[in-house]
Each structure stands twice: as structure tokens, then as C-alpha cells.
Amino acid sequence: MAKTPKILILNGPNLNTLGTRQPEVYGHTTLTEIEAMCQARALERGLAANCRQSNSEGEMVTWIQGARGTCAGILINPGAYSHTSVAILDALLTVELPVVEVHLSNIHQRETFRRHSYVSSAAQGVICGFGATGYLMAIDGLADLIGNAKGSGKKA
Amino acid sequence: MAKTPKILILNGPNLNTLGTRQPEVYGHTTLTEIEAMCQARALERGLAANCRQSNSEGEMVTWIQGARGTCAGILINPGAYSHTSVAILDALLTVELPVVEVHLSNIHQRETFRRHSYVSSAAQGVICGFGATGYLMAIDGLADLIGNAKGSGKKA
Amino acid sequence: MAKTPKILILNGPNLNTLGTRQPEVYGHTTLTEIEAMCQARALERGLAANCRQSNSEGEMVTWIQGARGTCAGILINPGAYSHTSVAILDALLTVELPVVEVHLSNIHQRETFRRHSYVSSAAQGVICGFGATGYLMAIDGLADLIGNAKGSGKKA
Amino acid sequence: MAKTPKILILNGPNLNTLGTRQPEVYGHTTLTEIEAMCQARALERGLAANCRQSNSEGEMVTWIQGARGTCAGILINPGAYSHTSVAILDALLTVELPVVEVHLSNIHQRETFRRHSYVSSAAQGVICGFGATGYLMAIDGLADLIGNAKGSGKKA
Amino acid sequence: MAKTPKILILNGPNLNTLGTRQPEVYGHTTLTEIEAMCQARALERGLAANCRQSNSEGEMVTWIQGARGTCAGILINPGAYSHTSVAILDALLTVELPVVEVHLSNIHQRETFRRHSYVSSAAQGVICGFGATGYLMAIDGLADLIGNAKGSGKKA
Amino acid sequence: MAKTPKILILNGPNLNTLGTRQPEVYGHTTLTEIEAMCQARALERGLAANCRQSNSEGEMVTWIQGARGTCAGILINPGAYSHTSVAILDALLTVELPVVEVHLSNIHQRETFRRHSYVSSAAQGVICGFGATGYLMAIDGLADLIGNAKGSGKKA
Amino acid sequence: MAKTPKILILNGPNLNTLGTRQPEVYGHTTLTEIEAMCQARALERGLAANCRQSNSEGEMVTWIQGARGTCAGILINPGAYSHTSVAILDALLTVELPVVEVHLSNIHQRETFRRHSYVSSAAQGVICGFGATGYLMAIDGLADLIGNAKGSGKKA
Amino acid sequence: MAKTPKILILNGPNLNTLGTRQPEVYGHTTLTEIEAMCQARALERGLAANCRQSNSEGEMVTWIQGARGTCAGILINPGAYSHTSVAILDALLTVELPVVEVHLSNIHQRETFRRHSYVSSAAQGVICGFGATGYLMAIDGLADLIGNAKGSGKKA
Amino acid sequence: MAKTPKILILNGPNLNTLGTRQPEVYGHTTLTEIEAMCQARALERGLAANCRQSNSEGEMVTWIQGARGTCAGILINPGAYSHTSVAILDALLTVELPVVEVHLSNIHQRETFRRHSYVSSAAQGVICGFGATGYLMAIDGLADLIGNAKGSGKKA
Amino acid sequence: MAKTPKILILNGPNLNTLGTRQPEVYGHTTLTEIEAMCQARALERGLAANCRQSNSEGEMVTWIQGARGTCAGILINPGAYSHTSVAILDALLTVELPVVEVHLSNIHQRETFRRHSYVSSAAQGVICGFGATGYLMAIDGLADLIGNAKGSGKKA
Amino acid sequence: MAKTPKILILNGPNLNTLGTRQPEVYGHTTLTEIEAMCQARALERGLAANCRQSNSEGEMVTWIQGARGTCAGILINPGAYSHTSVAILDALLTVELPVVEVHLSNIHQRETFRRHSYVSSAAQGVICGFGATGYLMAIDGLADLIGNAKGSGKKA
Amino acid sequence: MAKTPKILILNGPNLNTLGTRQPEVYGHTTLTEIEAMCQARALERGLAANCRQSNSEGEMVTWIQGARGTCAGILINPGAYSHTSVAILDALLTVELPVVEVHLSNIHQRETFRRHSYVSSAAQGVICGFGATGYLMAIDGLADLIGNAKGSGKKA
């Protein structure tokens, strides 16, 4: 535990095209830029960010499972799988880590099917509508959750 | 505009009992403590926080209307009125200011009727599940939205 | 009955901001202008208009109760409370007066939750989509309803 | 345009039996009487009323199409086709004229299937519950809409 | 009243193709044969059957209106318009005559949209699933309803 | 087969109170009178009527099972169990006999929960709204169904 | 605790018009009479009744909050707010007192929207349909609940 | 009428196991104890309680029918049949006696299917959530209803 | 069969106004131009196109019935009747011919009520969103279906 | 406990007709044969099977209650009552024994109303679609559940 | 066919974490232990078990396709994909082999979205709630289905 | 642009088994044969077809992303993912190319869950029910869309 705790930052389908895809909805920042911002902010908070992106539901499940025992928390933007994946929900329930869910846009102002996220049932906190800034807010929130867990852990 | 821009921080019904009410759901911090935290963080971001709480839907509508022309943004935790008030939604649509919505708990893990918020249709960003910390994140997000609005204004 | 009969003209939440709020939906006329138009038209029809506006559901209930025995009819634009207030519906059922409901916009072309009005269950007639003109039409309609009620009363 | 502008007044199925059919719901005035009242009021407003009634959905569609280029506006009481006819809705969308919809009874107080009108999606204004008087109110409203359109047209 | 009372026997869309159309559902008897059977049975019951068929909803409305004052009752198989026509329902409510509804097939065993008939709201009795025989049963039932109405009329 | 074929006439819960129970809905004829009328009509059609009534769903199931091999058809008024009993539906599907369902009132004009009958899925024909007369019509219909079955059987 | 424990008796919107409002539904007894009856019955049960009525949802929330630490239980007839107020539900969940809900009419026999009460989720017991008598029954029930709570408290 | 009027106290399925079945939901009092309490309270109110319990829907229907002409009112806890039995509803509508419905638990806080009771449509008053005490409250309420009925009967 | 087989090309309500009506949705080509294109393409495929348009549901039913025995297939754009006409569905089921359904716009991207077509239940193939080109694709598809039917017929 | 533990094997309505009823759905084995198979298999597992069948919901409730204290587990095929009986669900919740539910057919491939079973809420395990074999699998599963319960009991 | 027939035992997403994941729901046995148990039981039944697990929906589809012609049956626990995958349903429909579906927990007692399984539409039998034991029961059931298929195959 | 423009022809899960899988629904042509037909037809239209098939949702997303900048249009048969994949919908919205959706069968005549396609929201045109021929029609439609886009591009 003397080592810097790791967090998994996991982006789902089509987020690899950020910056080019419907910029009027999702903004002009690319995923590479967001990941760099996240790594910097994580370091400020004493965390090492492990950034991954996948278009595959199964691969996301496997990576979440792998966070167990190796990471101290998960930041996830599940993209389209928010609305359709029970498998990712189950994986997050398995790992028993603090989870923060981020969406670039305010999903409550879009089509009906985008307003429900299975993942929210497994997340401590949810942030949406702040664009790339939302990732930084999420790292702050996750750092607090990890700190609190450690704190309460020490006392126990 | 040389003066510090003001933001309205508006808490809805029953939030005046925070710290005593169902602490296993909402935590032990009181509303007074949260408002103090908010004022400190707002100052750090160059904003002056005007904190109000009401149990009355109509009073909340009136205060939101009053923010027009006097405030640069609104942070709102509408409490129970999130789920039932079209009047507050309409007031927020009127003022044409950046709006951030905060909930202490993750409303997506509670009763079905708590999972829909009319207010989300009028908010740029939504944060839930981070307890009192969520207010600080919301001030950060709101400060960015206000800054961007000013920034884009300057360029235009 | 030798005196001019009074009517209550009651506007609900956010209608005090008329003329500035989403003018592409609600037009540029202010509530003060509408009330003046209404008072003029009421006089032409032999009626005295008592104009009130409130953002508070409870205050609206109280004013409607007060119309009993003092007014000959009610013209109401319940605003957002159209869609959520059973209390206003109950108050209108209580007073046993002719009631006309007005909406500035055609609510049947807006969001689903704006297409149902509890108040319609207690109104003789409903007018929507004619902007400020709709109030004048409503006064005409209400004057007829009051006249008919008096007429039929005399005959009985 | 020096000629008196025409308006189409179109009544749908079963309205030819007005005055005899369920008078406790629809009143004792016959359609012939209503059409005469409408023609008088239209003249007062500088309009010539072309009154038609049909039990046939297809014939109503054809007459609405025919109003294009020959009429300045349409007053329609679609009767039972309000609730079932997408074809009449489409015809009204085609003609690009001001449309006012009238119902004799307050449809919001009747069976559920009578509370939705496809036609409302194509109407500027809707009036219900005023009986025969509602037609006169509708002519007033339509005259205003036509006047405004002409006014704005002159300026353009 | 010394003359034989008339009844209107009205068949709706596609019933003119009976005997050729999906005989596994509707049987092999043609509409002409059914009408002949009906006229014979009506005579036995002291009634004169006026048999009509139309594919047009509007024409059916008009014929039903025409039964008022000329017929003593209506036997109707509304075919597909059972499920979609509020106009025919309204026409039947207008005429204030005994109405019996017949369906050749048991509509409760077919597609969901065939299980609801608007017409049933205006009929005293409903018969389905007996094929052509159902018409004869319906004439018997209608004769009883007419007889009772006359009987009670005489006593009153 | 030289013997008179039997039919089971089965009445469900509360039909034993006919004539006293809500006569404005169900008429003044008692069940004993209806059963006598049925036995007479059945004899005219060459059938022997076995009349039974029960308030018990299970007893009705058992009697229907007993009709297999002993009766040529079933006339059933399932009363309230129409709307709630899958067990009676299954029993009727088992016996593989012609089934006719009768309701005294027009169930399509009553509460929503009375408009659906599970039993209709197992009946060849359904008759409702004719009061006690409906039973006689049902015997006629059932006699035809039994006759046709025998007829087609002879040919095969 | 030597002092007489207080109970809050809270009546919601439009209950101030009792006795004049739709007496065929709600009876002829006025609220003042009911409150007097309640105070008498409370005294018999060793309780002091604090009677309040409001048309304002926010005021009701505030009064319920005020019962914490000052009252031993709450009797509430939320009137129309039963069906629409999550804020009152939340306030009742906060105070952690025995709550009994009363309705004058049997709400299960009225419009669909009157059959669901948010408040029932926070009440130990619910009584409806007994008119003014229901309040006395509720005081009895509340007295028992308070007594039991005290009893169990003593043992703990 | 000089004799003590009888009331039927009818308990439905599984209530015979009270005291042993899920005591955390239904309490520890047995049905025998409740029936004794009821008989005592009934006597105090000048009524003789006839207590019955059945697991059979049909038997309950028969007993309710039997109350006609022999009892002055019915207190019923229909247990699970509350949610599924139209037959019991119909029986209660038949007897034309005052009916009070009792539930031990607050059914509005349990599974969705337990929140609707068919029986409530036939009851004057409904009481739930007070455990065994609810029966005593129900006898009080029923006694008042019987008294009022007698009173109004005398005047008529 | 040595003669050129005919196909019925049937356009429903409002399609006679094509080219002028909402061209941003339906394009600028007129129905006359589309019919000419269809006739040319049909000839290339060895078919003679019989083109008709009607605003009347009943007339469309009659024309479809008339295709039986005279045409080898039907191309239908039912317009607004797609969404409301069971009568046209039944007529198409009757004729037992290959049927292809065409829509100019992609109905799956429009209002909810335009996304369901009764006619699709009676069509072999459905094409939407290709504008006028869709008719030519439909003729190709229909020609193949007719050819296959003939082919399989020859082999049998 | 030295005695062989008993299990209740309970079959619901219409299962007494197995082998003759819709054999294409339920197979040709009779209930007597299934019960014999069950008794043999139970003996192999050290259990004594008490086999019962009833068409009566109330009788099934009573038998389930009787299993308390006399049986070690229940195997139930509730037949049609699966879909409609809350009373049987409640009885099973009462007995606090291991419960296994069996269906001969795969209910998930049948009508919608057969896909939901109230009983599943009270069963540890559910088996469907294996025909008579499913009973033997259920005895195996029940034997394990009873063994585990005993085992865990011994250890505790 | 002299060789031992193979069966595919396919486990879906997150089942690789069995024994560590929510053991209070899914038990402590690992997937490796379950697969070993399955292979032993399969051998006893004369079958060779080919055990696979995947987190990927697409990989599961491919493996199911591969079972065609190489396996005699499929035992599948689709995990979270039960509730969301039409692709796996289609693959199972393709292979035309006996399919048995297993769930460790009783899915009918969990969240609503876990109560529906697309896979059940393609399975002969379904077993849930027996934990690891359910796999052994499923192998028994599958062995019987394979044996029967072979038996009937031989006769054909 | 002098080079032949490419189109992506993408087939989803289980379409690799075409010709063997449920041929009564999908026909006997294999995917290889369809791809060959497509390549030939594409060449005739001056396009080069790049044919791919995948059972993996994620792989389909990746391939669609890859079409951006390399292809001029996409023909997609999403198979089962039509009904469940928001990720594929999002990918198609990203690439900003003409998209045509094809289904072999008429999905509007199959199970309810097959009647909705997320992909249709991102497609210009949709073709279903023509079997393999539908692909050729789709290439024709896509070629026209690409041609028009080029044409309008040249003019701009």
C-alpha cells in the first residue's frame, strides 16, 4: 500500500472517435486528450490512472473483473452500453470497488432510451453533462471515495 | 462586471433538516455546514454564493426568477420537487443561466418515482451520489460553465 | 345583483415573467398588458375583473376558495400547475362557479407531460394556442356562461 | 386580394344531426343555425364563410386540400375523426393555412379515447366546451390569425 | 304502426367478399345468402329487413342516421370498422334504437387489435363466433328487444 | 347415440342470487326460472339439459371435466370467474366439446376488468347483453354446433 | 414525560371548506367541528391535540418538521397532496414518529389518480371512508401506537 | 328487531394461521384471540359477532350471500382474495349491507400486487396497518354505519 | 396468360398533393411524375401498371378487392391509412396476391404513431425512405415475387 | 427424526386429467403413473412421498398449511393457479419449508399470462419443460435442499 | 455414433468469477469445480462434456453455431445475456439441438429485468434456483432429451 | 475520386449460417452467394463492395468506424443486433455516410421484439421481406444516395 493506488478509467464503444463524432453533442476534445487530462489530475490526487477503451462489451467485462485486487476504484463512461448491458452491471457489482459513472452529455435531455443506465445501479456517484470536465470532477469524487474507504479501513 | 459574479445556491424541501434526517441515506453534515463549504469554494473560484433554502415550491420559483440579471448561474438541489415540479422547471427555463443540479444520494438506486427529475431538462449538468462533496464538484462545474460563457462572449 | 358582477382572473406560476420568458413560445406581451386588456374587455361585457397572479399553489387554492360568494366566475391560466395540481382542481370543484381555462400556447403540441391538465376536469370551457387574444375570448365565453346561468336562474 | 377573403368552415361526422343527437351533451342548436351564426359573424370580421359538412373522412381530406389557394383559413370541428384520422391531420399540414379546431363539449371530461385529437397537432388554436358559442369565438380567433398573417406579410 | 316494422341490417367493409375471403376463418356462405336468410327469419318475426353493405365508413354513418324514424332496430356487423370507428359509434348513439352487433368469428381468439369493438359501447347485445347462424340469432334477439320496447311503450 | 344427447348448463358464482341481485343490471328472472326455460328449449332442440350452479371455481372445474364423454356440449355463464380463472379455461380446453359462453349483461359496457374473459379463448361462440333470452339463443347456437359436428362426423 | 403528550392533527388543502364543499362526497360536518371532536377524543386518550390546516404544501412540510421533539405522533389528512406530494412524504419520513393517515371518503372508489397516496408509504395505519368518524378512529389507533412505543421503550 | 343485530366477521385464506405465520408482518395474536376480542367489542356496541374463516373463495361467497336478511353488516379481511377475487366483490355488492374491510398490515407498503383490493369497491370504509387493533376499530366503524342506517331508516 | 400481367399501383390520402406538400419531408416530384416513372419501369419488367389514388379508405378497399382475378400483384403506399386502417389490411388479406408496401419517408424516424403500419402484416416486402426511387425498387421487388409465383406455379 | 421424512407432492387443477388432456402439450403419462414414479424416486432418496391433487384453490391452501410440522419439504405443480393464486403463495410463505415448483411444459413459450407464476416467489427452485421427468429432477433437488437444511442444522 | 456423444456446456459473462462474486446470491463453488462435477455426471450418463465460458456475446454465438453437427445437445447458463441477447437466442434456434437453460439463483425473485430470458424461447427445459446442483439436474434432463431424440430417430 | 468508390456491406450475427438456418424463414441462399451477387451488382453500379460478417457487436462497431473516410456508403443487415444495439446505432451516426438497412424477412410479421430496430434511426432507407433480392435493391438505393450526394457535392 506504500505504492500509488491505481484506478481503472474505462471508456466504452465509440468514445475512441471523440472529437470527430457529433461534436455539437460531445465536444471537440479527443479521447487521447481526455486521458492525458485524467492522468494529470489523478497524479495530483495521488492516484495512477490506467486508461482503456473498448468497443466490445465482453472485453469491458473482462477488464472490470481484472480491476479486482489491482485497482482501488473505477471511473467508467460506458457509452451506449449504459443503456443495454446487464453484463457490465454484474461485473461492477462483482469487483466491490468504488465506481463513478460519467457521461459527456446530459443524457436526461436526449432520446428516452438514453435516460436509463443499468450501470447507475452499481455506481456510488453519477456525473453527466459537463463534457470533458466531468472526467476531472469524477476523479476528484473517486479520490474522495477511495480516501474515505481507506480512512474507515484504517480505523477498523 | 468588475464585481464578483454571484451564484444562487438553492436547496429545496426538507434539506433544512440535513444531518438529522435519515443519515444512513443523506449523511451527517448539516445544511449550514454545506453552505459554509460552498461559500468557501465559490470564493476560491471567484464567485459569491447566495445560499437559500425553502420548503415552498412557489418561493423557489420566485427566487429563481429573481436570479435573472443578478446572478451568473444557479446550483440547485430541488429535493422532492425534482420529481413533481413543472413550475420550477419552467422558472429555470426562464432565467437563461447556467444551471447545475445536485442530489446527495444516487437517486437511480432509490424508489422508481425518485429516478426522474423534471429539473434535469433545464440543467446543463447533473451530479448525484457524492453527498456533500457533490456541492463542491457542482460549484467547480458551474464556475467552468460561467467562465466558458464569459470566454465565448469575449471572443464574439 | 344591481352591482357589476366580479370575475376572478387568476394566473399561475411564471406568468409574471410573460414577455421576457421564451417569447418564441409565449409571445412578447407582458402580464400587466394582458390584465389591462382583460379589464377593458370585462367592462364591455358588464363585468369587473379582479386580476391576480401567484407562484404558490396554496395561495391559488386560497384565492379560488375566496371567489365563492364574491365572484360570478373564474378565468384561470394555471400555468405549470395545470399538469400537477389536484389541490387547484379540488378548489375549483368547490366553488361551484363557471370556470374557463386558458393557455397561451397550444399545449397539445408540446412535451407529453404538458398535454394533460387536471384543471380541465373542473372547467366548462378550455381555450389554448391564441396567445394573449385567448384571454379576451375567454372573457367573452365566461360572460356568456354567467349570462346563461343568470338567465336560467331567472326563469327557474 | 381586394375581394373578401374566404374561410372554410368544416364540420365532421354526425354534426349534421346536431340539435337532435344527445342534446344533454351537445345542446339544441342545429347545424344550420350554427352555420348561419358563423356566416353573420364572419361578415362582421370581413370574411366570407364557406360552410360544409361530411360524414366521410376522404371527402373532408379533399375539401381541406381544396382550401389551398382559395381560402385564408380553416375552422374545423372534426367530430369523431379528431380521435382517429391521421389523414385529416396530414391534409391540414399540407394546406399551410391558419387552422382553428372547435369542439362543442369539453372533450377532456369524456371517455379517454375522446381526449386526444390528432388534429390539434395541426391547429394554431383549440377551443372546447362552449357549445355553439365556441364557433363564434373560433371565427374571432381565426380572423385575428389571418389579420396577423396579412400584416406580417405586408411588411415582408 | 299497422305496417311491418323495418330493421336495418348493415354489413361493413370486405363483408361483400364473404364466401371467398379466408373461408377457414369466415366460412363459405356468401353475403347474398346471408341476407336472404335474414330476410326470411325477419319475416317470421314480423319484421322487414333492409339489407345494406358498404366499404365506406362515412356511408355507414349516413345510413345509420337514416334509420332514425324509419327503422325499429339495427343489426350491424361493422367488420374492420368495429376496431377503429368512433364515427359509427357516435351515429349509433344518435339514433336511439335497439342495436345488436354480430361478428362471424370469435374475435376474442384473434389478434389483440380485433378484440376491442367501439361499437359494443352502443349495442344492447353482442354475438360472435357462430358464423352465418349468428345473424339469425341476432334477429331473434333484436325482435325481442323491439317487442319489449313496444310492449313497455304500450303499457306506459 | 340413439339416446338424447346431454348438454351441461353451468352457472358460476352469485348467479344463484339472480333476480334479487342488482336487478337494474341483471334483470328480475331467477336462476330457477332460467334453468326451466333452458330445459324446455333444449328439449325442443332434441337435447337434455343438465343444469348446475356453483360458487366454487374448483367445483366448476370438476364438473366440466365430468362432461367429457357424457355430454355433447357445454353452455357456460362463468360469472365473475370469467375474468380471473385460468383453471376453468384449462378445463374447457381439456374436454374437447363445443362450448358457448353467455353473459346476461353487455360486459363491454362495464368496468374495465369485466371486459376480458379467459373463457372466451375456449368458446366457439359468445353471447352477451340479452339477459335471460341470451341463454335460449345460446342453446340454439350450441344445438347447431352439436348438429354440425355430428353431421360432419357422419360424413367422415 | 409527566406532561400530556401532544399530537399534531394536520389537515391539507381545501379541508377548511368542509361542510360546504361537495357534501354528497365529504359530508356536512365542518372542520371546526371535527377538530373539536378530535380534541375531546384525544383528551380521553390522554393526549393533547394540536390542530392545523393549510392549503400550502411547503407550510405542511414545515409543520411536520416542527413536530419532531415536540409531538408524540401525527394524524394527517393530506387532502389533494396525498396524490402529488413527495415533499410531505419526505417530511414524515424525517420525523420518526407514529403517523396515521385519514381520508373522509373511500378513495378507492374515486378517480384513478385519487387511489394512490404517497403518504401511505410513511404511515403506520390508513383509514378511509368513515367520514368524520374516521378521525376519532385514527386518534384511537394513534394512541395505541404511541402507547406501544412508550411500552416497548420502557422495556428497552 | 328487538333482538341483538348480528354482524358477519369473515376472515379469508391463511388467516387461520395467524400468530405463527410471518409474525414480523402480521403480529403474534392468533385468530382465535382476535375473534374473542371482536365478540367482546361487538357486545359493547350492541351487536352479536358471527365469526368465520375459510381458505375457499367459493365458501366465502356463499357465506356472504347468507348474510343477506340475517346480518346487519359485514366486517371482512379477505386476505389474499382481496387482490384476485371478483366473485367476492360481486357477492358483497349483492347483499346490500354496510361492509368494512380490514387488513392487518399496511398493504400500501408491500408488493405492488398487494396494493389493489377488489373488495374496496364494495366497502364503505377501509382500515389497514393497525394489526389486531384494526378489527376493533372496524367494529366501531361498522356499528356507526349500522346505527346511521337504522336512524335514517326510522326517519324515512 | 399470354397478355401482359397487370399490377395495381395504389396511392392513399394526400399523395395527390405530392411535390407541393412538405417537400422537405416528401420531395418535389409530383404523383403524376411518379406514376409515369412506374409505368415505364413496369413495362421494362413485362408488367402493365394500373395507377390509382384515393383519399377515401372505402374506395381503396373496393379497388383492392377489384384486383382479385384481374391483377398479378399490388404496390401500395397507404399514406396515413397505414397507421389506422384495419379495413385495408383485411382487403389485402382477401385478394391473395403479392403485395409490396412503399413509404416515401423513413417512417421509423417520425412521430411514434407513424411507426406502425397495419398494412405491413399483409405485405411480402416493405420499402421506406428512398423517396420516389422507392417505387421503382418496389416494382422490381414485385416483379420478382410475381415471377417466382409463376415459376413455382409452372413447376407444380 | 429416525423416521423417514415425508414430502408433500401437490398437483393443482386439471392435472388429474393428465395423459388425456392436450397430449401434444403435456404428454401421455397419467398422473397416477407420475405419482408412482415419484414415490419410487423419493424412496431412493430416503423420503416418503405424500401425493395429492385438487382442483380447489382453498383445498390446496389447507393442505399446504397441513405440511407444517409434518413434512420436510413440498413439491408443487400449481397448474393454472400458478398464474392467479396469491392465496397459495401466502400459504407456501407460511410453512417455512423448502419448496420446489414444477411445470410439465416450458411456460415461457406459451401465452403471456402463463409466463408469470406467483408461486415462484415462494420456491427455492423452479423446473419447467421436462414433462414427467421434471418431477424426478424436482425430487432430487428437494432431497438436496432437505439434506442441506438438516446438515446445516446438525453443524449449527 | 459408436463414439460418446458430446454436449456443449456454455457459461456466460461473469460466471468465471463464481465463488468470489456475491456468494450470498451465487454460492461459494467455483466454475472450475462446477465444470468438474458436470464432466463426471456427463460420463455417468454416457456423454462427454465440452465446457466453455465467455464474457463475449459474439463468442458465445460462434460456439453455439459450432455445436451443430458436433454435439448432441447444449447446456447453457447465459448469465446476464439471458436478459439482453437476441443473438444468442437466434444461434440456439439455428442449431436444432436439445437445449437446457440453467440459472444458479431463482431469477423470479430478483430485479424485474432479470425475470425475462430470451433464451427460454429456444430451450426445451429451464432450471433455476438450485445453485451448482442445478447443472447436474440439467445434465440428467439433457441426457433424457438426447436419449429420446435418438430413440425416436431410430424408429423413424 | 477517380477510383471506384467502396461500400461496406456488413452482415451481423448468425447471418454466416444463412441457407442452413430456419430456411422456411430466411431462404436457402448462403451468405457467400449473397455476397457474390452484391459484388456483381455493385460493379454494375460503379461501386466496389467490401463484404464482412461478424457475430460480435464490438467488431461491427469498429468496422463501421473504419468506413469513415474509406467508404462512400454502408449497407447493413444488423441481424439480431437491430433490436438491441445502441452501440451500432451510435457508430452509424458517427460515420456520416449514407446507410441502407436490409432484413431478409418482413420483421413486422414476427415477434414483437423483432419489430423495432435501433438502426433504422440512423438509416436513410429500410428494406425488408424480399430475401436475398433485398440486398440488390439496397445496393441500387445506396448507389442512388451516393450519386445524389456526389451530385449535390459537385454543385456546392
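Chains here go by letter, A, B, C, D, E, F, G, H, I, J, K and L, matching the order in which they are written, and residues are numbered from 1 within each.
Note that contacts are C-beta pairs under 8 Å (C-beta built on N, C-alpha and C of every residue); 3 or more make two chains touch, one makes a residue touch a chain.
Note that this is a predicted model, so its numbers are computed, not measured.
Among the remaining chains, those touching subunit D as well as subunit I are E. Each step here moves to a touching chain, and the least such steps from subunit C to subunit H number 2.
If you take subunit F and subunit K together, the chains in touch with both are J. Think of subunit E turning onto subunit L: fitted on CA atoms, that turn is 120 degrees, to the nearest 5. Centroids built from CA atoms put subunit E at 33 Å from subunit D.
Subunit J has its Cα centroid 47 Å from the Cα centroid of subunit G. Residues of subunit K found to touch two or more other chains are 56-59, 84. Taken together, the chains touch in the following pairs: A-B, A-K, A-L, B-C, B-G, C-D, C-G, D-E, D-I, E-F, E-I, F-H, F-J, G-H, H-J, I-L, J-K, K-L.
Contacts from subunit J toward subunit H in the complex involve residues 56-59, 61-62, 65, 68, 84-87, 89-91, 93-94, 118. Subunit A makes touch with subunit B in their complex at residues 106, 108-109, 117, 120-121, 123-130, 133-134, 137, 140-141, 144-145. Residue ranges of subunit I in contact with subunit D, taken from their complex: 12-14, 16-17, 20-22, 54-59, 79-81, 83-84, 113-114.
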